[in-house]
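Two complexes, one shared chain (chain A), two partners (chain B, chain C).
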Partner chain A sequence: MTFISRRDLLMRAAAIGAVGRPFQGRHADGDRADPRDDLGDSEGVALPSREPQAREPLEHLTAEEADLLDAVVARLIPADANGPGAREAHAAHYIDRALGGALAASRPAYASGLAALDRYSRSSRGKKFTELAPIDQDSVLIDVETGAATGFAGGSAAFFALVLNHTHQGTFGDPYYGGNANFVGWDLIGYPGIRTMVTAADQQKLERNELKTNHKSAYDYESFVKSSARAGDAHEGGSPRRSSRAGAKAGA
Partner chain B sequence: MTDSAHGAEQEAQAIVVTSRSIAAGGTIPRDYTADGRNISPPLTWSGVPPTARQLALVVEDPDAGNPPPFVHWILCNIPPTAGGVPEAISIDPAGPMPREIAGAIQGVSGFRRPIYRGPAPPPGRPHHYHFIVYAFDADLGLKPGLSRADLAAAMRGHVIGQGELVAIYERKAP
Partner chain C sequence: MATRLKDTDVVVIGLGAAGGVAALPLAQAGLDVIGLEAGAWLTRRDFAPDELRNNFRGWPQGVQKANQEIPTSRATASSPTLPRGTIHPMQNAVGGTTLHYWAQSWRLNPWDFKVVSDTTKRYGASRIPKGSTVADWPFALEELEPYYDKVEYEVGVSGQAGNVGGTIDPRGNRFEGPRKRGYPMPPLRSTEFLEKMTAAARSLGWHPFPGPAAVNSRTYQNRSGCMYHGFCNRGGCHVDAKNSTAVTTIPRAQATGRLKVVTRAHVTTIEVGGDGRVAGVNYLTDGVEYFQPARVVLLASFTYENTRLLLLSKSKAFPNGLSNNHGQVGRHYFSHHQGAPVSALFPFDLKSWYGLPAQGVAVDNWADDNFDHSGLDFIGGGNLWAMSDRRPIAAAGMNTFGRVPAWGSQWKAFVKENADRSHSSYIQKTTLPYEDNYLDLDPEVKDPLGFPVCRVTGEFKENERKIAAFTQDKMEQWYRAAGAVAIVRAPVGGAMGVSTHAYGGTRMGDNAETNVVDRYGFSHEAPNLGILGASVMGTSGAHNPTLTVQALAWRTADHLIRNWKTIRGTA
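Then we have the complex of A and B:
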């Protein structure tokens, strides 16, 4: 059971992939880890998640909210034979960070929605959502998606749509924003990476599905940083903050 | 179906539909609703005509839907030898069907998914849920993901047996 088809992945990623800010992300000291360190073998298949994963410091969600949200995104785009999913992309981390910036208006919805989800899971299935088996988590999420779940302000379907949208952003957006960790989202859909120039040879390789990903954020390009994000973008340690105009693009 | 969509051209033989978990006219237990585990209930039936080639099960609520009824489950291509369906058919569409209904396929419900989803009515009054079993005199060539309208069109003139179990469910206002 999945909540998104591969076709949907491709369509949504096409809309999200170009969103960007200077990537300095989690490897702020410039010592970026080899992306393949988390990506398994060179064939790019069957990429099991590492458990337990270290979680980045939370910025806006409580630990309980973050655990619950991480469990949700892991079912919305699960890791499977196609590769890692939203959990491995750190989509929950993206959302946590963005709730202090571009997605700040959604913070109350997350507080009430996650609380409602946990209540609904306990009342209908007798356990916390995080303690349910994956197939039972899917069943709960289907009820939330279809509006059949009770106890959600404004209806469960609206909350589901909100989280799914942000999970797409966190999985397939530019890694600069805290998601798409190690470019797993782009690798999942075969997106070859941001390029400032595409040669005829590149185009031919792309058409033959032979163009290798470059694992570059838009903001790995100096010119892009200078022109669109560096000015007024005050952040420390490479962690993107929420005050710049580029930050507002995260929710696009 | 709870309307005349099947367009029966002949008198259909009565099929008796029962459940060890749901009493006729009674309240559907929470486990088979969105207020509980939302698993499919066990059903049994008898009286299938010996000439039946296929069976189908439709669960629908004529008290909801725009237009009514609201469809909760479509299970088709059930072998005519099946005497019912076990509880908790997997919600994984890729999962295998239980042995007794091997080859069965699911259609899309009002929840837009090809799986069972139980009652989740708005608060206010009891809704009636019809668990309807049909017997057909031919292989209708039905495909996974079919709609209720697809089924209604395909079964026209082929219904040789029919029966239903009706139960209710109500949500109270918070």
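Then we have the complex of A and C:
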């Protein structure tokens, strides 16, 4: 039986995602790297490249929509001296994927909102949003955030709130869903990582700043992806109990 | 035409916090029980530490009947309908919302059972807020104590007792009523920050203590102790350390051979016979109709569905809905004023990435009537709760305390520094029922089967708003004493909306004119119908409802067992 773990897939995705993003190359093995190397080292963080970038295939957005969305998320959480931002986290990819699933109800809002943003940028600033300088992009986004931008069905503020919310999800959510690439979101806020057990000693280490950051997706833990339950294997250190629900069922 | 199933002694509608508990004593007493549950079994493998799935996507791994029938809400009968949510606050599954709840397992305090008489005695009858329909419970805390004790041990609750047999233990809640014995497990562990909050409360002369939780602080009943991994808030437990009924009372009831669990059973109506007694329950599974006849029906859905099912179950004997010939179904509704938090920013990391909302420090000095209200213009109060609970997406969405914009480089620098430096309080406040807060059926919005959904009409009144402002002052004082450098208060009051802490609609009381069920939880009008859940509670107190719901459920089951021949009738 060939078994490719989700962790392997994630690692591959991370490696693929890093193509054309030289500033990320050093994070491609971020799962094992000391996360403290990823942060606080502004020398290592390049500004977003203007070169065409390789990206994951689009599942729901058009290429134009995705370019525009990517440019927006890159301003919401920009790459800067404090490290990579939402573009580097692949937040737009997270949103694209989710628009066919959990966020499907928002697909029309993205089509309409991105089109409105494109129109508003051209009419108010004379250029496509993606061609504006970052400072002008920010000024457009302030209009959108405050509801001052015209031409948005349901108001521009609602669209802004939607995108910001989903950008947070795509930057700080579990990497399994396609965002938070190389754990850049979690490293930014100092999240020490997903664990299935945190002992009192671990908590004390955390309080002394000695707990090692754990770069893992929830689905790197076998307990949540294995195809059948075995007694006592769901976690480290827990007590074994009955092997399946069927064993406890009444013989009615 | 519905398929008529084999008769049974008791059918329980909903195997959550309440039904999942009641099933155990009934099955142990030798009654044949069928538990109809709209959801499915979920197990440890379903409970990944996944914030997106748990906290943003409403548990998509379970098909949620509840999400198809989310109540509508409005503040008053003349207010516009509020935007409807997309995720129901409660969960359909075996174990119900006890799978992912916070598991805070409080007893109510003695005052909560006699708000009217105690207030009248101490301050005068004029202090009962105008328009409130609040009444004393038909019994005092002492009546419920044995059932609280039973549930604490059967389900498993961690905590520190504050009053065993009248002897005050300063490590626990000195304001709790006397209990027979302490908790079966010591409290969940503390953290450096919680210790800081504890010391700060003491410096103010208050009496902080660790709160009670239906979470194992050590191995209990062969299940693991808590792993403190940080995904307990709307997350199920990957080691079964959270004592949902799905891993405690329900499997034990099944082991007797007397409980049959029927999953994915979508109950549509309770059937009434020509004699005005309930005859059984109609339900659908995959579009196929079944009729489950039973001697006794226990309605144990959530507050909204309890009211809705009664109102939808019309018959010759009950033309306005089952057990509603006095027009009381849906009345005395209220939800806890648990919003209006205070947020604080500290100049140091709190190290609260790992923990759970039930792990924390409580202050009850400003709850209930634990302080003198003579010079105040409200009754009741709030429980202050500082917990250890943080996850990455929520942390990034932190309050920025007016210091930076909501996005961009400044924001990014702010969250980089402060993501682990903010704290938000949880303050549960006394909330009273009022004449014009109620549940009924929405005249327009329907579920996919064409049945109207429940409609909430409710707003927090002056008494609740005053408590909120008062407790926010106390919370700010507490945070400042612990070193907070910035404070933001959320607005108080407003519309009740749809809540996880929803009470009333089938209130318990001796008077059939003003209550739906009697002191044991059985209908005043249909004697073989029992109702379980916070829908029977007439006051909220300042603490989470679940343990009280479970103690009441056990008590109703106990009453049924003792009076089986009378209640089941002769049919």
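As a working rule, the second predicted complex is superposed on the first by the 172 of 252 C-alpha atoms of A that agree within 3 Å, B and C clash if a C-alpha of one lies under 4 Å from a C-alpha of the other, contacts with A are read in each partner's own complex, and residues count from 1 in each chain.
The rule is short, and it goes like this: a residue touches a chain if its C-beta (ideal position, glycine included) is under 8 Å from a C-beta of that chain, and two chains touch if they have at least 3 such contacts.
Note that this is a predicted model, so its numbers are computed, not measured.
Enquirer: Would you check which partner chain A:197 touches, where first means chain B only, second means chain C only, and both and neither mean what they say?
Expert: second
Enquirer: Could you tell me if A:104 is touching chain B, chain C, both of them or neither one (first, second, both, neither)?
Expert: neither
Enquirer: Kindly classify A:189 by the partners it touches after superposition: chain B alone (first), chain C alone (second), both, or neither?
Expert: In the superposition, A:189 contacts chain C only.
Enquirer: Give one of first, second, both or neither to describe whether A:169 is in contact with chain B, with chain C, with both, or with none.
Expert: After superposing on A, A:169 lies in contact with chain C but is clear of chain B.
Enquirer: Just chain B (first), just chain C (second), both, or neither: which does A:206 touch?
Expert: In the superposed model, A:206 contacts chain C only, not chain B.
Enquirer: Can A:218 be said to touch chain B (first), chain C (second), both, or neither?
Expert: Touch status of A:218: second partner only.
Enquirer: Which partner, chain B or chain C, is in contact with more residues of chain A?
Expert: C
Enquirer: Have a look at where A:153 lands relative to chain B and chain C in the superposition and call it first, second, both or neither.
Expert: neither
Enquirer: In the superposed arrangement, which partner chain does A:177 touch: chain B (first), chain C (second), both, or neither?
Expert: second
Enquirer: Between chain B (first) and chain C (second), which, if any, makes contact with A:78: first, second, both or neither?
Expert: In the superposed model, A:78 contacts chain C only, not chain B.
Enquirer: Just which bits of chain A does chain B share with chain C as contact spots?
Expert: On chain A, the residues that contact chain B in one structure and chain C in the other are 138.
Enquirer: What does chain C use to touch chain A in their complex?
Expert: 41, 43-45, 47-52, 56-57, 60, 86, 189, 191-192, 219, 222-224, 227-230, 238-241, 251, 253-261, 349, 351, 353-354, 392-393, 395-397, 406-409, 411-413, 415-416, 419-420
Enquirer: Provide the residue numbers of chain A that touch chain B in the complex, in ascending order.
Expert: Residues 1, 123-125, 135-136, 138-139, 142-143, 146-151 of chain A touch chain B in their complex.
Enquirer: Within the complex, which stretch of chain B touches chain A?
Expert: Touch list, chain B to chain A: 30, 34-38, 90-93, 111-113, 115, 117, 120, 171, 174.
Enquirer: Going by the contact rule set out above, which residues of chain A touch chain C in the complex?
Expert: Counting only chain A, the residues touching chain C are 39, 75-78, 80, 82-83, 85, 102, 105, 138, 141, 145, 164, 168-169, 171-174, 176-177, 185-186, 188-192, 194-198, 200, 202-203, 206-207, 218-219, 221, 223-224, 226, 229, 234-235, 237-239, 241, 245, 248-252.
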